[in-house]
Amino acid sequence: MRTIRVQEQDFDVGAEFAGLAGSCTGIGGIGCFLGIVRDAAQSRPISAMELEHYPAMTEPAIERIAAEAERRWSLVGCTIIHRFGRLAPGENIVLVLAAAAHRQAALEATAFLIDWLKTRAPFWKKEHYTDGEQSWVEAREEDDIAAAQWLAEGC
Amino acid sequence: MRTIRVQEQDFDVGAEFAGLAGSCTGIGGIGCFLGIVRDAAQSRPISAMELEHYPAMTEPAIERIAAEAERRWSLVGCTIIHRFGRLAPGENIVLVLAAAAHRQAALEATAFLIDWLKTRAPFWKKEHYTDGEQSWVEAREEDDIAAAQWLAEGC
Amino acid sequence: MIEQQGTKLTVLYFAWLRERTGSAREQVTVPEAVGTAGDLIAWLRDRSPGHASAFANPRVIRCAINQEFADAATKLRPGDEVALFPPVTGG
Amino acid sequence: MIEQQGTKLTVLYFAWLRERTGSAREQVTVPEAVGTAGDLIAWLRDRSPGHASAFANPRVIRCAINQEFADAATKLRPGDEVALFPPVTGG
């Protein structure tokens, strides 16, 4: 089962694991990445992270990323939840779950999904610092490299 | 914070995420692998999975594996819970969580921890099939290869 | 020049492009000569000082046409929804 | 031969080694000539038909001495806890 949600409210990590595990048979393992708002960026304390997105495009873009993961690995299910809006340090941002019969598929698909979400889902982050300043997060070259590596390895 | 538990009873995945996230600062993401009892092995339906371990050695062995992960990656915390005893299909077997400032460390450490748990923690699995037969799970060559790959890459 | 002979587009701006242009969404009619996404970005610069600032460095602008990623060479058609934004930073 | 001159060891068996030997734990006293884990495995074969079956193929046996993985060449000392088991399959 594929579950994709783009939402302002928080999600319940345990409930998402249980929901995915309960919806599929043949699961041997679930890989997961949970992204959390950091409390500082380059040692500058953060008071909030603002996530903007492109509503008409976001879910279709994530569906395409999930479909690509399903094409590459033998997944029995996956869950992708991405929040938007204003989040405080420590709050959940994004949850990726990939369930498979074997752990390698589950873990590789998890890494792939978060790498591609970072570079192919239309979200933008703005950091608000405790000193009142704010700045848009710039795309990291490492993220492009991480995402591109899956093209080189693509089957 | 490092949490290691070897126990017969189940664990609460959501509570473990919350406990780890709440115990550390500087978290940007948590990587996770949750191992679950499969309902069949080589399409032979399973009624139960029996996990035997070597109590005096198990926790120290897992501590050594966790220490090695902490040496290789900049982790702010990790949680490893491994169950033993008789488990039904769909039940949780093992939980690995690795928290880091950046996702790559979190995900690589997660993969490392489960690869080494599979080959360096003293657990043995016996499958009980629905037809009444039972057999000890044999070590998989892929698991040795997966675990050894971290030696080649070792820093 | 008769405006109606141009190409009508909806342009969306995100993140700091939205802040600098001062708008999240604009309806524009561009001349026939503005045939690609790259042409549109060059054309938008003249709309205001804010637009000029937003599009000062076109190399850092990404775009999507009708909710699919596109590039500067992608052809525009009447009615297209063209979204312009900096590189994405979700996840 | 005087038993007390040998090396006293605690031997633990796990998984199918436990089932085939019919015991989870044994106290043994081995002759001085049994100096390594590999020697111990060869020596244990003669204890019973179950032990002979358990240790028929020493290549698939793994061991830990005092709760640390060891190999066939590892030397034994009086009082060691020697665990013998098939390759681990946890996780």
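Letters A, B, C and D mark the chains in the order given here, with residues in each chain numbered from 1 onward.
Heads up, the rule we're going with is that a residue touches a chain if its C-beta (ideal position, glycine included) is under 8 Å from a C-beta of that chain, and two chains touch if they have at least 3 such contacts.
Owing to the predicted nature of the structure, the values given are computational and were not obtained by experimental measurement.
Discounting chain A, connectivity by touch gives the groups B, D | C. One finds 27 Å separating the Cα centroids of chain B and chain D.
A separation of 75 Å divides the Cα centre of chain C from that of chain D. With each centre defined as the average position of its C-alpha atoms, the distance from chain A to chain B rounds to 22 Å. Per-chain CA centroids place chain B at a distance of 49 Å from chain C. Multi-chain contact residues of chain B (touching two or more other chains): 35, 103, 114.
Taken residue by residue, chain D touches two or more other chains at 91, whereas all remaining positions touch fewer.
Chain pairs that touch, as defined above: A-B, A-C, B-D. Residues of chain A that touch chain C in their complex: 35, 51-54, 56-57, 60-61, 82, 93-94, 114, 117-126, 136-140.
Those residues of chain A whose C-beta lies close enough to touch chain B in the complex are 12-15, 17-18, 21, 25-36, 38-40, 90, 101, 103-104, 106-107, 110-111, 114, 142, 146. Contact residues of chain C toward chain A in the complex are 12, 14-16, 18, 64, 67-69, 81, 83, 85-91.
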